Structure formats: C-alpha cells, structure tokens
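Letters are used for the chains, namely A, B, C and D, taken in the order the chains are written, and counting of residues starts over at 1 for each.
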Amino acid sequence: MKKTIVIASFISLLMAFTLPQQKQRIVFFGDSITQAGAKPGGYIMVLGDLLKQKGVQDQYELIGAGIGGNKAYDLYLRMEEDVLAKNPTTVVIWVGVNDVWHKKTSGTGTDADKFEKFYHAIIKKLQAKNIKVVICTPAAIGERTDFSNELDGDLNKYANIIRQIAQKNNVGLIDLRKTFLEYNLANNPENKDRNILTTDGVHLNEKGNQLVAEQMMKGLIK
Amino acid sequence: MKKTIVIASFISLLMAFTLPQQKQRIVFFGDSITQAGAKPGGYIMVLGDLLKQKGVQDQYELIGAGIGGNKAYDLYLRMEEDVLAKNPTTVVIWVGVNDVWHKKTSGTGTDADKFEKFYHAIIKKLQAKNIKVVICTPAAIGERTDFSNELDGDLNKYANIIRQIAQKNNVGLIDLRKTFLEYNLANNPENKDRNILTTDGVHLNEKGNQLVAEQMMKGLIK
Amino acid sequence: MKKTIVIASFISLLMAFTLPQQKQRIVFFGDSITQAGAKPGGYIMVLGDLLKQKGVQDQYELIGAGIGGNKAYDLYLRMEEDVLAKNPTTVVIWVGVNDVWHKKTSGTGTDADKFEKFYHAIIKKLQAKNIKVVICTPAAIGERTDFSNELDGDLNKYANIIRQIAQKNNVGLIDLRKTFLEYNLANNPENKDRNILTTDGVHLNEKGNQLVAEQMMKGLIK
Amino acid sequence: MKKTIVIASFISLLMAFTLPQQKQRIVFFGDSITQAGAKPGGYIMVLGDLLKQKGVQDQYELIGAGIGGNKAYDLYLRMEEDVLAKNPTTVVIWVGVNDVWHKKTSGTGTDADKFEKFYHAIIKKLQAKNIKVVICTPAAIGERTDFSNELDGDLNKYANIIRQIAQKNNVGLIDLRKTFLEYNLANNPENKDRNILTTDGVHLNEKGNQLVAEQMMKGLIK
C-alpha cells in the first residue's frame, strides 16, 4: 500500500518536469480593434510572432474574440459562447472606446456607472471559474497630445474607471492609454490626430499593432 | 398491491379537486414605472385589489422588480438575483422607455438591434426554466395624440420591435402603447402632453395605474 | 404744361399694358434638398419646366440658395449675401430637417425655442424689405407611414412650429410634410422607409422632385 | 498762418489734459456666467471695485449682457439690440461652454465649424463699427486637473479655436481656461470637480469671480 503511494508520487513529480505543461489559452475579448487584431498584421498575430522569437510559442494558444461596435454590456452578453466555451486560462479584456464614442455618434454610449457594473460582472464570472483576468485601458480616440481630441475628457474618465477596477479586483492592468500618450508625446510633434499609432484615431496601424503586441507581451508573458 | 395503487390514485384525484392549487408567482420586471407600481396606489397594488374583487387573491403572488433608469440590458444583468431567485411562474417584462429616452438626455440609450438582442436573451433564459413570459410595449413619453411628442417616432419603432418579439417567441403581449394612444384619442381633446394617464408624460397617475392594472388583469388572469 | 402731363400719363398707362411686367425673382432658401433642387432634375428645375408649360416662364426668375447641412441659424447668418443681395420679390424658406436630425447624428441640432427665434428673425428681415415670404414644413426623415421613423415625433413637432409661424406672421405655407404623408399613405403600402419620394428618407428622388415642384407651383404661382 | 497752427496745436494739447476723456463703455457679452457676473458679487461688479481701488472708476462704464444658455449663434442673433444699441467702445465676448455642453445634455450643441463662423461674424460686425474686441476662452466644465472631466477634450478644442480666432483677427485674448487650469493645478490637490473656482464645475464662486475680475482687469485696463 505504502509502496503504491510512493510510486504514484514519483510519477507525478516526473510528469511535472518532463511532460508538456498545460498550454496557456489566452482569449482576447474586445471590440473592432481586437477583431482586426486577429487578422494578418494584427496585434494578436504580432504577439504570436514575438512568442516564436522567444521560442515559447508551444506554450500559448492565442484566441481572438473581438466584435466591431462592442461595448462592455455586449461582452457580458456573449461571454458564455465566445469566451467561457473556449475554456481559457487567461482572458484579456480590452473595451471602452465605443462606450464613450457612441454617446456622440448615435446617442447610445454607456453611462459610467453601468460601464463599471458590467465590467465587474464579467470579471466576477471569469474569476469564479479560476480564469486569470487582465484588463486594458482604451488607447485613443484621436492622437493629439494636448487633450484636445473631442472625447479625451470622457476617455480619460473611463480609463480611470478601468484602473480602479484593476485595483479593486486585483487583476492585471495593461495601461494602453498611458502607453499611447507617452508614445505620442515623444513621436507626434505636430499634434496630429491620427497616423502615428492609428489609421483613424482609433484603429491600429502597423506601428500601433507592434506597440500593443509588445505591451501585451510584457503584461501577459513572464 | 393493486389495492394500494387504487387508493393512491383516488387520493391524487381528490387532491386535484380539493387541495389548493400551486400559487402563481408573477414578477413584474421593469424600470421606474414598475418600481412605483409596487408602492401604494401603484399598478401592481391596484392589480392586487382587482384580484381581491374577483376573490382569487389567494391564487396569485405579485412581486415588483422595477428599478429606476433600467434599460433592456440592465434587466439582463440583474435577472438571476431579482427574478430567477424568486422562482416565478410568470414574468411580465415592461421596459423600453429609457432605451429611447436616454439617447436624448445623456447619449446613453440603446441601439435598436442591441435592444432586441438583450430582450431575446432575457426571454430565452426565462423560457429555459419553463417560466411563462408576458411582455409589454412602452406606453408613452408624452401624451400628445398627433405624434408630435419629441420621441414618438423612436418609441413607435421600439414598440414595433416588441410586438415582433412577442410573435417570434410566442409570448403574451400587453400592448400598453396602443392602449394609451386609444385612451388619449378619446380623452385628451386638447392634445396635452401629460396629466391624462401620466404625471410627466411617462410616469403613471392614478388613472394610468388603474388602466395598466386592468390591462395586466386581462393579459395575465384567465 | 398741361399738355405734357397728359402725354406723360398716357405713356404710363400704355406701359402698364404693353411693357413687360416686373419679373418675379423667387429665391429658394434652404439646405441640401434645395441645393440638389437647383441641379438638373431638381425640384426648382422641374418648377421651371412647369412654368414653361404654362407659358409664363418670362415672368419668373428662380434662384437656388440651398447649402447642405444648413439649419435655421445658418440661413440667418448668410441671408444678407445669399438672399437679400439678390433682390428677390419672394423668398421660399424650406429648412428644419437638419435642426432635428443633427441632434441624433452629432449632438448639434437646434432647440425648438431657438429654431422658432431664428425663423422669426429671418421672416422679420425679409418683410422689412417688403419681400414676400413663403415657408415650407420639412417633408420627411424616413417615409414610413405609421410614425415609426425614428425622428417622426420631433419632426412633427417642428412642422407644427412652422405651421404656427406661418399663421402668426401671415405668410404663405406649403405644407410638404402633410403632402408627403398623404402621398405615402396612398402609395407606400409596404411601409418602406425610402424610395417612394426620396432616395434615403430625406433627399428627393424623381417623383419627389416632381411632387415638390407641383406643390411649389400651387403655393407660388397664381 | 503758422501762428494759427501753433494755437490749434496748443488747444489740442490743452484738451488732452483738461477736458474729460471719453468714457470707455465696456459690454460683457456672454452666457449665464456673465448674467451672474452682473449681479452683486459677480465678476463685473468685482471688476468695478478694482477700478475704484485704482481710482479710475469714472473712466469706465461696465455693462452686463449675459443670457443663460447662450451659444455663439445666440450672441449673433441679439447683438444689435443688446450690444450695438449700447454704443460700446469695447466688447468682451465670453462664450463656448454651452456650445460644448448642450451636445451632451440635449443634443443641441454647436459644430466646431459653425462655432467659428458665428464667432467671426460677431467680431466682423463689431470691428466694422470700430469697436474694440476682447475674447475669452471658456474656463471650465468640471475642475479636475487630469483632463478627466467628461467634456475636457471638446472644451480644449473650442478653447484652441478661440485662441486661433484671436490671432487671426488680431483681437485681445483673455485665456481664462489657461488661468483656471493653472489655478487648479496649484490649489486643487484632491482633483475635485467643483468648489475651487466654481460652485458646480461651471458657474463661478466667490474666488472664481475674483480671479476672473483680475484677469479682466489685466486684459482690459492699461
């Protein structure tokens, strides 16, 4: 009897060192930026390349789950099918641009308190299944550096909310808004509203995809 | 052995006729109108009185689950706690005013397609638990009868969506918008925007609570 | 001396009967609908054809003064240059669609009370120069006949304001909203939102230009 | 002949020193902030006190012309009656908060290009009458210093427009937005959204009226 236990323990120990680790399954959950991120040249693809360069590509599976126009509550509605069903070990949430933007374009943005409520509800459901959560601030609606992009005030407000959510829920934060502002302060001397990291102030150009992939690398991979 | 079965069957038969039926638990799920509906003089209370007059009050339990400012997606977020946890046999959904109104007041209304998606998702979850669903059209934002209330066009559009949802999902419909328009055509000759069935164009006055209770009675009680 | 007076009077009399009357100069003052109205196939051109058919084309000069995106206050700002400078005998004002529409598309529509103020100010300036004023209700934003076009309520409200302005100021009214609704009730059995009188719910198709020209003919030409 | 010139010159010189100078008539043209500014404790009254302290109160007449809810185009509409009729030597224009704010609260803000057009038109009319023009940037909608007040982006944009208008038209600029930000950076360590210079993020408290009056003093009085 005792012998059996000893052998079983030894096998376990052996497996831990020699058998392949469980693959990390990372779902990127977001809006049109993430939808584009899963296409050739997109930030998820670039992140895949970075993993290859590091020789750790076999340890990770990257799954895009972005849908154009999505706000926080849209993510909540489709999280069973599009995220939980994929059995992820980690979920990266990147949402917020449309919650702010649609206030102006169609009168259908998201109130700050509702945004926070739905964001919390998503995190709670993921954490209840022991899924690791990493959240991102919205990067930009316009790249001007003097805070004169029309929606900068509201976007800063929602970025602050996300930073507080990260603290309160003890989840990882990738502060893309901070990263984008710093990059633009250094590289956008003409105070242009696009074409530095984005094509239209919101969606990523090649440099933007590169920068986001690098930040994801830092935030996700140890 | 046979004898036992005969006796058991007989008792069952007896119970069906003499024991109290299972009480119907009806949850009214909605916004500030329903929140007020559960207070003294509110339409849920008036409906309770109507049940008493009919002598059937013991067969029904009426439960208010309205929260001010709620839109379709807010109902979806809180339906586990506020509705399913109460184990209802029937749920009456009455929502839509804020989905339209907040477009104007704060830029945070609900797009028509998202409204429909969340509405369907709520119904699907209820029907999966064999809960009977009855849905209502939004009654009014302004009582003018010539369709010159500022939001009439959009409110008619969302009322049409709800009528179609009722058909598609084979659920009961209480068409309060139709009822309110008919009542106002008959009783609002001066084309006033309030004070016929509402205090402010939206929230029910005494006559409004009475009319809604009567319509609920017709739609819910056989 | 007396003889001279007699001759002069006779010549005046003669001129009144035989010399060409003063030409009527009609300026059409409005938004993109009127801007398109001055192009081939546009309602102003069709009205020109109708005048020819009646053989009275020499008595009228039709001048388009429409600019896309204009609201009531934009007309007020440019009325010196674009209208008064052209020395019109009659001005047809057709504005209102953008005052309503831009509330939704960019948060920059016009409050009802401001709309009325600017409209009055335009009329007052024209009447101070003895220019005849004729005003039109906005025709449509969407052609559905059950008042379920999203902006129907607000558009009906602004149409009512214009009808009241016509009465108060004793100016001619061409009630295009009424005309369009009646035409659609008779010719839009499928409750379509476009392609009956418009290409997109707002801008006129061939039939729409024809109908508007006919209404202008009735409202302007005796 | 020479003698005559000498005497005339002497009289001119004499008049300059002994005859009363023409009083400066300064009209403050704006919205609710300026409307309150003309009331006891308001910035115009405080400016009057500052003039007294300097002993130059007889050289200036200060006239309030603020109306609540006014946007750039409202100023244009009422400038004949409320400004030109008062025969001012200087007009201080302070407008912009509602042009931004009303986008959110009622969908009736002012597009940036229209804002600029009306602003230019006002200045042009004043300059045509040789009236000195001084213009101000909108101070604040919320006093947070990290640009997370909801409308900061748009307000910064409109402040930039006004700065450019000042340059292009060679008129004086009182940059209240800059002043308010600097003051808050020094005196609002808790990043509060009100109660530093305003009561509600927009309208001036005692300290705000004092600060504006001082800035007006610097910008207007030599």
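Following the convention adopted for this analysis, contacts are C-beta pairs under 8 Å (C-beta built on N, C-alpha and C of every residue); 3 or more make two chains touch, one makes a residue touch a chain.
Model, not experiment: these values are computed from the prediction.
Steps from chain B to chain D, minimised over paths through touching chains, total 1. Here A-C and A-D are compared, and the pair linked by more C-beta contacts is A-D. With respect to chain A, maximal separation of chain centres occurs for C (centres as means of Cα atoms). Between the CA-based centres of chain A and chain B the separation comes to 39 Å, rounded to the whole angstrom. Rounded to whole angstrom units, the spacing between the C-alpha centres of chain A and chain D is 46.
For the pair chain A and chain C, the distance between C-alpha centroids works out to 54 Å. Residue positions of chain C touching 2 or more other chains, listed in rising order: 103-104, 106-107. Against chain C, the residues of chain D that register as touching in their complex are 73-74, 76-77, 102-104, 106-111, 114, 117-118, 121.
Only residues 103-104, 107, 142, 146-157, 159-160 of chain C touch chain B when the two sit together in their complex. By the touch rule above, chain C contacts chain A in their complex via residues 104-107.
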